[in-house]
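Below is one structure. I have some questions about it.
The chains carry the letters A, B, C and D, assigned in the order they are written, with residues numbered from 1 in each.
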Amino acid sequence: MNGGVKRIISQNVRESCLLAVIFVLAVAVNIRSGGNFLTARNLSDMFVETSILAILTMGMMSVIITGGIDLSVGSTMALAGMVGTSVLRDSMNEAGQGISPILIIALAVGIGMLAGLLNGILISWFHVLPIIATLGTMNIYRGVTYLVSGGSWVLQQNMTTSFMAVATGKLLGINNLIWIALVVFAVNFYFLGYARTGRKIYAVGNSLESAAVSGINTKRTITLTYVIAGAMAGLAGILYVCKYAASQGETATGYELNVIASCVLGGVSVSGGSGKVHGAILGAILFGMLNNALPLLKISPFWQEAIRGLIILASIVVNAIVSRRSTRKVLERRAIA
Amino acid sequence: MSKLQTNVMAHRSLQNERPFSTKRFFLQWEWMLVLLFIIINVINTFLSPNYLVFDSIMSAIQMFCDKAILVFPMMLVILVGDIDISVASIMALSAVIMGVGYNAGLPMGAAILLALCVGGACGFVNGILLVKFKELSPMIVTLVGQIVFRGIASIILEDGAAGSFPSWFQYLGWGYVGRIPFILIVVLIEAVIFLYAIHFTRFGRNVYAMGNNETTARYSGIKTDRIRLFIYVLMGIFAGIAAIFLASKMGSVRPSVAKGYEMDVIAMVVLGGVSNNGGKGRVIGVVIATFIVGLLRYGLGIVNVPSQTIMIIVGVLLIVAVIIPNLKSTLGGYRWFQKLMR
Amino acid sequence: MKKFISLAMVLILSLTIFAGCGGGSSTPAQSSGAAAPAADSSTAAGSSTADSATAGDRVYALVAKDVNNPYMKKAYEGFEAACQELGVTALYKGPDQATPEKQIEIINQLVAQNVALIAVAANDYDALEPALKSAMDKGIQVVSLDSAVNANSRKLHINQADPEKIGRVLVQAAYEMVDGNGGMAILSATAQASNQNLWIEWMQKELEENSDKYKDTPLVKIVYGDDEPTKSTNETQALLMDENVKVIIAPTTVGMLAAGKYLQDNNSEVKLTGLGLPSEMAPFIEDGTCPWMYLWNPVDLGFLAAYAGDALVTAGITGAAGDTFTAGRMGEMAIVDAPGGGTEVLLGDPFKFEPENIAEWKAIY
Amino acid sequence: MELKNIDKIFPGVKALDNVSFQLAKGEIHAIMGENGAGKSTFIKVITGVHEPDAGEIFLNGDPVRFKTPKDAQRHSIAAIYQHGTIYPQLSITENIFIGHEEVAGPLKSICWNALHQKAEGLLKDLSCDLDPRTLVGGITVAEQQIVEIAKAISQQAKILIMDEPTASLSRRECEDLYTVAEKLRDSGVSIIFISHRFEDMYRLAGRVTVLRDGKYIGTWGVDEISNKDLISAMVGREISQVYPERNRSVGDEVLRVESLCRMGYYRDISFGLKKGEILGFSGLVGAGRTDVMQGIFGIEQADSGKIFLEEKEVEIKRPLDAMNLGIGLLPEDRQRQGLVLDWEIYKNITLSDLTQFTKGNILQPKQERKKAKNLGEKMALKAPTVFEKASSLSGGNQQKVVVCKLLNTDLKVLILDEPTKGVDVGAKSQIYDIMDNLASQGYGIIMVSSDMPEILGMCDRIITMHEGKITGEFSGEEATQELLLKASMNIEEEEAVS
């Protein structure tokens, strides 16, 4: 048993460290904030906030594993959210009844997938660099969102209570959003860890040529990752507008950077090929924690951004150093052999 | 096929001159840009009578020239195969420090110098991180830079604004030489300098080599690290310069200035035909592209196309510009495409 | 090869461009009914060019903080109505993001179209000065509304309500809501928003001047939600961690909405007041999360702006204190000196929205 | 399985010229040929990586077309590639089973424990006791080769292709491979076996097919054909003729290296190089020869050790230092390290030193082209103009361009890492002549090569390396394939070398 634990830790050094950091930070913040942090209310708030980020992170990580990047998730969120809620609004009757939330969510996810598909095609079939392609679509999707919205917002009174219940409702005393995030996490954990297709993503990220030679359809795999990212963005988008009961053109502007940041915090290597699902989720949690803790610590709003940035910087530099250490170990082993 | 033939009929003596071929001359991305440029202007003039007025064009140019200043160093960054998304934040930081410095009693000249130094320092930070930690991608490093630099700016100035610069300072952003905006002249001079540096010097050649194949460049004895560091510092300094002109344009500075500039700049460079895999593209192309984007925005604005639609158009333009050079490699396999080519 | 390429380029480009122009007028189609104003604006936009081209017809332009801000849309409704009465073309412009840089560009474009009037809701108090000045040099009248630009860069400011009144009345409201016992907190927009900061100053003044009255209702904290739902919610959350906070003042529609939603979801005891759109805030006023709040009528604000501008353009007033003009149904309006320098027209006192009247107003704006 | 007159054309070269080939069930069929004879391309056609431009493939009589590797896999054809297809950041198990992992349960989920055990088993058969959970990036080249083999075996293919599987294996590991291969053969698997090593062939193969310059030369039963005939079949002429006569006068020492070390790559490397001498470095792939050269050239600086140039100790931090001192390196992988592929020939040539072409900081393309022309013609570079893109040249000519690039700077020491890799025979002998020529001009030349005949044919002195250590030094006269092989294997295990 103990051995088993040892093995798990030895194979998840970075993740374990991350977990430790999170705990230490939590305690520290709690003390500094006079016990306001580790309260049931605040924790649940924090996790609800984080759950959306976590969902996006799950989507983004597979893109990053293939060595790509998706800057368009923020815009995709807005688009999916806006379309979903607009449909909902137009479907509402006087009694405040409308299409069932499930359908709306499905619709949003679908739109997200379409957006992702476009990205994927541009990148894998037309050989556009991910950053450029998604930079372009970022503008496009955002613009389309504005056009769809016609410049007006969809607000609480345009949403059915059943729809808003998605974000506010609880199951076993835990907010639905958290449940959804957990499900996404579980699925992704299975997909990237235990499904052939999932492993192919890693293969492609490790070495495109090798993957091609060993009969993996690289184009399809890459496209798939962007579709996944898009789908997650769609889901996150609709949940986002549902949570804040307001859907606007500028919903989630610049959100993509948070997502990328939490992937990086979670040790997903941006050069592609490696990154663990549980690592990424921890990264998201850590990032969410920062967002939640900094105001709690009564840190001047003007300091928060810089602090956030420095913490990310620190984490990636530490990551780099750690991995250098490990390669050095390998060399030593070789030297002895 | 054709290549095979050249090999077959190969002979011992090597030609080191080749006749000027109009075909080769006109088969260049730049000509398409020129074409595009003309089309846009035609369409604009045709859509709005207010478009083709010398002064209004000039003032339009004045509007996007502060971005144009960033375009050329960004071109260098992309040429070596990197990307820098922290420029906007560097601008904000150096602008803020300049403003604060001036309001703290520094002479304007010193404040300007300060801004340049700050910009250079930021660039140095990016560069040194990338050189020392080769495993980090430029995307991430400059992303962090983007967050941190603006963060520092907002620490310094909090919710305040700095400014009330001396009156002559406004000339930088708004002044005219005759009927030509001062800033346009600055940009053109800059363009000439970069043209020279990129196309006619050893430095330029080395940069292209790096962008095409960094390993080969290293094996050929090029100090790749030094060049990369230099380029990022340069990027930073020019961000500082842009910041100065922006400050003069806005008359006052806040930590929030120049948000989103980096994306526009990158778009201009890429449209200019600077390959996003590095190592390809020309200054002239970038110049044209800058004016295309700027005047397109202006033209559409002047016929009151809603700004969200303009977003879409620019986005599409960007992607199309990148796709077209790849078309051959993408569709080359398909019969119908090969037919089209004939 | 390349021939084909350039051909493709031409095609795609012209496509995008016409898509663009189409996009403008196709807006109403896509946002059926829900966004009537959008429809109006863009059609107006479409036509206006033609007019300003052919007849020397005047164009009055309203530059919004950003083009997707419903509050601004409301203002434009009034502005447009006024313009129709005046028989001039109304034009609605705004950047896709609320930044001064982009507003400068837009102002520049308007100058190029030689519109007669620019009414701007500024994203920055000073930054627009050079642009607006050059506009005025070209003989274009400039008024600011909602959030002002500095005195040198405007003929006249249309003040939705006396900032002093707003500041004081909000604090008094908060005081009543906690019956004189419990800390206050302010959830503002961006730290740069000029009008918010002005109101906050007045709130603080109110607190200082009768400090004995407010001794049990101290101002605990000022936070900034950057007019962004996520951040506003996070900040609200952080505020609630502090037991002293019993009431939140949110002088910004976005912040107020976010705060209201959060309080409602956690059915918290903390009260909320501030400046919000009735249509947005109705649910919270009805369920008592926000007992009452204030706002002026943005439609009237736009309406007044148009008439004031028109007076500058046609009636030959210079926007000096003491000038008067008639603003259609609103009757005679007088120009007074503004506290921050320059001159302004006052729309009137902030209007109080409470459970009794919210029902009727939420339908209107 | 049968292939009929297969053609494959790459820009600039006809890699396969109407090659035919039969493979019987349960036979081990060796394919032999020089570097660049088209063996690898041939394999890639069979495994569907390349589609043939002409010709057809039959499996058990019926024709098949392999568009993608997947098609080939569906017909249960598996291959070990010469340059392994490894995923450095994935575990050994994954590398072995990627693409065909066993899935179980309703979710079709991969059961790692089972896989790890299977992997362990496979490795055991190859008597290699690595933890299948370790990342492949962290094991030696030889170990990676073994993983490759395990991977191929794991696919339970009907047809198994091994491209140079023994290239970097020690004697014992080879023996294990042989036994495994025989086991497979007896179980009815057909194996195509590609190797430079004659004893591999004699030990395993039933028949041998020879390719030369992409052409099919012939197929013989192993016992029908003598070593000598085989070689001449491969080379096309008497082997001795390929190499220039060795009548160079060796001058005094130009380069000396003393106890050079880089942790994990090589240990106390010491040797000297004289003017006009060609010094050969022989050894298995991954023996650390390339690393040593890169150490000397300043690509990856050595941790410790001294380098003397003409008796003066020098410090080489980066390639530029080396080049300024007059040391030039022709890198192992010319496409990745030697050339800027979509640059014109002349730009490539002058890249190594542009200072001589600048007038007050401004480049003088005319002068560049002139120099390029001169060098190119000296090297008998086959190209119409100096404006051709490097990518459009054949392997041999590309290599010549890289050589020109070296000669563009004035050097004392030339380090040539696998100079004839993937170069057609004609160009090969030209390159040999060039080397001889340069040597007689007084250059000191180091030649790293895995191709024993060429080392034997060219070098005045030969140093062998194994696992980062120098294991032997022979004069050109005394050296034989046998000796070199022994030295390149671990000296300790001195069992029967047939």
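Everything that follows uses one rule, which is that contacts are C-beta pairs under 8 Å (C-beta built on N, C-alpha and C of every residue); 3 or more make two chains touch, one makes a residue touch a chain.
Nothing here was measured: the structure is a model prediction, and the numbers come from that model.
Participant: Of all chains present, which has the mean Cα position farthest from that of chain B?
Facilitator: Looking at centroid distances, D is the chain farthest away.
Participant: With chain centres defined as C-alpha means, what is the inter-centre distance between chain B and chain D in Å?
Facilitator: 43
Participant: Centre to centre, by mean C-alpha position, how many angstrom separate chain A and chain C?
Facilitator: Measuring from centre to centre gives 34 Å for this pair.
Participant: Whole-Å distance, chain C centre to chain D centre, using C-alpha means?
Facilitator: Here chain C and chain D have centroids separated by 71 Å.
Participant: Mind checking the centre-to-centre distance between chain B and chain C? Centres are C-alpha means, answer in whole Å.
Facilitator: Computed value for the inter-centroid distance: 35 Å.
Participant: Of all the residues in chain C, which ones touch at least 2 other chains?
Facilitator: Residues 23, 27, 67-68, 96-97, 191, 224 of chain C touch two or more partner chains.
Participant: Where in chain A do residues touch two or more of the other chains?
Facilitator: In chain A, residues 142-143, 146-147, 249, 269, 302 touch at least two other chains, as defined above.
Participant: So which chains end up touching which?
Facilitator: Every touching chain pair, ordered by label, is A-B, A-C, A-D, B-C, B-D.
Participant: Using the touch definition up top, name the residues of chain C that touch chain A in the complex.
Facilitator: Residues 23, 26-28, 30-32, 34-35, 37-39, 41, 66-68, 70, 73, 96-97, 191, 221, 223-224, 228-230, 233-235, 237-238, 241-242, 257-258, 261, 265-266, 279-280, 282-283, 362 of chain C touch chain A in their complex.
Participant: For a test of understanding, state which residues of chain D touch chain A in their complex under the given definition.
Facilitator: Counting only chain D, the residues touching chain A are 47-49, 68-70, 72-73, 81, 85-90, 94, 98-99, 101, 103, 107-110, 112, 133, 137-138, 140, 263-265, 267, 467-468.
Participant: In the complex, go through chain C and note every residue touching chain B.
Facilitator: By the definition above, chain C touches chain B via 1-2, 4-6, 8-10, 12-14, 16-17, 19-21, 23-24, 27, 42, 45-46, 48-49, 52-53, 67-68, 91, 93-97, 99-102, 104-106, 108-109, 111-114, 124-127, 129-130, 134, 190-192, 197, 224.
Participant: Tell me, which parts of chain A touch chain D in their complex?
Facilitator: Residues of chain A touching chain D: 11, 190, 193-196, 199-200, 202-203, 205-207, 209-217, 269, 273-274, 326-327, 330-335, 337.
Participant: Along chain D, where are the residues that touch chain B in the complex?
Facilitator: Answer in residue numbers: 9, 11-12, 297, 299, 318-320, 322-323, 329, 331, 336-343, 346-347, 351-355, 358, 361-363, 369-370, 372-373, 376-377, 380-388, 392-394, 405.
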